[in-house]
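Each chain carries a letter (A, B, C and D) given by its place in the written order, and its residues are counted from 1.
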Amino acid sequence: MNHKIENKKQRCQSLKVQTITYSGTRDFVHVYLDPPIWDYVPGQFVMFRPGSWSNDPVWPRPFSICEKTDDALRLFIQVVGRGTKLISCLRPGEDVDIWGPLGNGFSLKNDESVLILAGGMGIAPFVGLCKTHKNPGNINLLFGHRAPLSSYPYDELPENMSKEAMQQKSMEDLNEFQLVLKQKIQDFASKGRILACGPSSFLRAIQKYCLEYKADAWLSLENKMACGVGACLGCVARTTDDEYVQTCTCVPVFSADKVFL
Amino acid sequence: MNHKIENKKQRCQSLKVQTITYSGTRDFVHVYLDPPIWDYVPGQFVMFRPGSWSNDPVWPRPFSICEKTDDALRLFIQVVGRGTKLISCLRPGEDVDIWGPLGNGFSLKNDESVLILAGGMGIAPFVGLCKTHKNPGNINLLFGHRAPLSSYPYDELPENMSKEAMQQKSMEDLNEFQLVLKQKIQDFASKGRILACGPSSFLRAIQKYCLEYKADAWLSLENKMACGVGACLGCVARTTDDEYVQTCTCVPVFSADKVFL
Amino acid sequence: MDFRVDLGGLKLTNPIMTASGTFGYGLEFKPYGNLEELGAIVVKGLSLRPRQGNPMPRIVETPCGMLNAIGLQNIGVEKFLLEKLPLLPWKTTPVVVNLYAQSAEEFSDLTRVLSSEEGVGALEVNISCPNVKEGGLQFGQDPQAAFKVVNMLKKHAGSKPVIVKLSPNVADIKVIAKTVESAGADIISLINTIGGMAVDIHTRKPCITNVFGGLSGPAIKPVALKMVYEVCKTVKIPVIGLGGISNTQDILEFILVGASAVQIGTASFTRPDKVFTLVKDLRVKVEELGIKSWDEFRGSLRLG
Amino acid sequence: MDFRVDLGGLKLTNPIMTASGTFGYGLEFKPYGNLEELGAIVVKGLSLRPRQGNPMPRIVETPCGMLNAIGLQNIGVEKFLLEKLPLLPWKTTPVVVNLYAQSAEEFSDLTRVLSSEEGVGALEVNISCPNVKEGGLQFGQDPQAAFKVVNMLKKHAGSKPVIVKLSPNVADIKVIAKTVESAGADIISLINTIGGMAVDIHTRKPCITNVFGGLSGPAIKPVALKMVYEVCKTVKIPVIGLGGISNTQDILEFILVGASAVQIGTASFTRPDKVFTLVKDLRVKVEELGIKSWDEFRGSLRLG
């Protein structure tokens, strides 16, 4: 992995919850925390563990950094299980142990065209990326989603970037989306870098097309993680060199031709 | 135990937290819940387990019924460990599993004199008792406490009952309190029933004096409990008949001459 | 879906039983639900004569679990048959008597007394209690001793199915499971509690007078599930799985690895109507997962 | 109070060590604390040659704990000595190398390589890993095999203290403890993880490809504490206690039952600076309890 960003500023801090807002339903929440002292690269993530968790759940939960401003660290979280349910019930003022920024993050140049493929919660890391991009005109985003578009931070993406959202409610929608994906990748393969984040079925499809069209594509994986710092070896992914590498430190952003999904 | 009250109305219900108010510090809380469908006898208690506890802590926590009105079930709780800490952070609207009313409760006649000895949180069951007593003039209460009096629901006790509070901050205070206790018990032994609730050292002292002066005294024990319904045999107390009886069902209110403390 | 389960002679309307020692004599839970809705009621371990159990304290809470060293306090088999059994709905819901004895002879005396009782649906032999000095665990850890006890029990049990309850405190659960099967056990139940301990750094004393206690509750579920899986792969007789079950998902996990029925223990302390709720909720969950029959689902774990 | 601990040759500035496999090669935690403040650093289990470990998924969360079946993925002893050890502060903080091998011969080869390395403070032999097919656990469950391995290791270890790490998956931990002591072990550490399993009722598959995994975390603390207590009563060599430790109270509980030092495992996943915080907090707690010296406190549990 030549892509590793040296980041000596990782820290573990207790940060206070500022507010939690709901996006559409109670299943999509924006968590705003007091800002940590570090800076980050979009695609990087944090480990998140509320102080109130005591013994159970044992593990922290990994979340992409959605956005970081001078005022707050913001995460965009979908309630899918017990941990995220508990997180969605946090109150302002509660302490959360946060360590990061973790992983490598996306590498891209402001003056190059980029195709962003986001599936569902995979939009999270791209919010900060797009909003801080010097040349939003260079961004093309395709967003596939199941829940209503209003559940996601789609509208707040810069006006002057090109974006398209497609909702999948049925198998037909999904098939159509796959076709559009394929077409986009084919069209874009020679033009610049492709960045993708989303559920594994989504990434697998993208990987297939990217290999087919020899695109320069980077995929952000979401393996289960326990430590987030490369120590437990629970989050590894198998590379094409037949190595198991920790997705939490060496990646999670992988070159599409280097990893088995 | 001839004292067992048949209570066929025990129920387990999810009740909503109405409000939580703090008394003096955050370590003394009044928890108001939607009223359950049953009625109770002062001295009875409930098992209390917030729905949010999931796997940990495993056990519910037992609390005396402080007061029950048409509007609310009220508990008076001191934060002493992890469970009570979590309870003190509950929010209005949260669900709590409550089963009760459990145990026997105090038996007393409205037209007889009664001496109530309460130590610290031992005041909880007597709030409802005093406030619903038909003849408060018959009540004599001695209240020993460590925290400031304002932490306890002492002021709300009926005007027309006789009450006295003594704070223990030092060994001397404690010795003096013991002397007063002894004197009260001696004076009262022939006049009516004595009811006591408080920490075990407090109850042990009372038991000693009551046996000495052959008082008709009833003590409310606070053993650790897991089930609250007589099934686990974890809460037993040894009686003078050398039997182990469940304090959760057969008692917790014991005749002072029938139990080893 | 047909919820009934036939454990080789012991017939249940659904696979949910209570676990011994966590459901008293059953009557304690009457205010909280209809006992007739349960698959079976397993009562507190009974001995020939009443037992006082261990001195207090006997229980302590631990992370996601608890330790107990009750020491088999019970009213004795006679009083149970006279005062408790008649009040239980044994005609509709099998009442399983959990047995404890300190010697093979005592076990056989107990069995004789119970085998002629119409209201007793099955015997569950506790050869695995870690909380008493004599008997109990040694039978459960020593295959030869276990064989002898079970063999003899079967002789006196008449038509009553004999369930043998195994201790997890062994190096290889398969060995003892195989042994009790060959000794004639009709059913195996597991796991009993895992040996554990807790201490108080302030008083510098054990939290339980008995020093050691048995660990139960959600904490032990992964250990229980593994052992139940291993035993199901090893024996042909039906297996009852337990250990840390607290919701319908847990129940289905045990059935998925091969258990025919389950027992609910410590979870009954989190809410006295827990086991009744589980019976209702299991129907919903099974529907949701599209499970067609127990025979199809049981042991259908796919490897590799 | 003097916080130092002398484990028969292995000298620590304080009793808090990291547990193998939960602290990587130590370097992963450099951003989160000063490694020199730790009692000792125990690194991920190393084998003679690099190992890939088991296929994914390898970990799953359980109530108050987790299962893992990493399968000893490691970079091999050579690469460790070349690339990792030089970056660790071994001059101030002993670096303990945890060893894994599939045969007695491999164990002795490994030991020979390590015994001459100045930067290696001690060897911890993992005769208790439940997650690999060959070696590991069988040494830990069979006293005779354990004796042979430890005996031979000692021959090649030179002046390096040999720590033997025991498996809890046995019927009687005292037997194996006594055996490894008589085979020459300098120190015993326990417990390794407890065998467990988790399944997914939706996919009907095990949550871990390896099917079985090892249970760790707060859930197992009561089991660990009992075994540490029993071993401390049985052997004369120093004992390192671990299993589910997550706060200073837990640490003192293990020392109260007789442990000379402790290791922090799964707790490091709850916060990467956990072990550093514990070192600081332990001083406060010890003060608060009025503990005068480790010698006075260690094993001072009062029975009856």
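As a working rule, contacts are C-beta pairs under 8 Å (C-beta built on N, C-alpha and C of every residue); 3 or more make two chains touch, one makes a residue touch a chain.
No experiment lies behind these values; they were computed from the predicted model shown.
Trainee: By CA centroid distance, what chain is farthest from subunit A?
Mentor: B
Trainee: Can you check which chain pair, B-C or A-C, has more C-beta pairs in contact?
Mentor: Answer by contact count: B-C.
Trainee: How many Å are there between the centre of subunit A and the centre of subunit B, using C-alpha atoms for each centre?
Mentor: Centres of subunit A and subunit B (C-alpha means) sit 53 Å apart.
Trainee: Per the centroid of Cα atoms for each chain, what is the distance between subunit B and subunit C, given in Å?
Mentor: 35
Trainee: Please work out the Cα centroid separation of subunit B and subunit D, and write it as a whole number of Å.
Mentor: 47
Trainee: Two or more other chains touching the same residue: where does that happen in subunit B?
Mentor: 55-56
Trainee: What positions in subunit D touch 2 or more of the other chains?
Mentor: Each of 63-65, 217-218 in subunit D touches at least two other chains.
Trainee: Is the chain-to-chain touch network here best called a line, a ring, a star, complete, or other?
Mentor: complete
Trainee: Help me check something: in the complex, which residues belonging to subunit D touch subunit C?
Mentor: Going through subunit D, the ones touching subunit C are 62-65, 67, 141, 169-172, 194-199, 201-206, 209, 211-213, 215, 217-223, 225-226, 229, 244, 249, 252-253, 256-257, 289, 300-304.
Trainee: Considering only the defined contacts, which subunit D positions touch subunit A in the complex?
Mentor: So the residues of subunit D touching subunit A come out as 21-24, 28-29, 31-32, 44, 52-53, 55-61, 63-66, 68, 70, 73, 217-218, 246, 266, 268-273.
Trainee: Report the residues of subunit B in contact with subunit A in the complex, numbered from low to high.
Mentor: Checking each residue of subunit B against subunit A gives 52, 54-56, 82, 86, 89, 91.
Trainee: Which residues, counting only subunit A, touch subunit D once they are in their complex?
Mentor: Touching subunit D from subunit A are residues 8-12, 49, 53, 55-60, 97, 99, 223-224, 226-238, 242-244, 249.
Trainee: Provide the residue numbers of subunit C that touch subunit A in the complex, in ascending order.
Mentor: Interface residues on subunit C, with respect to subunit A: 63-64.
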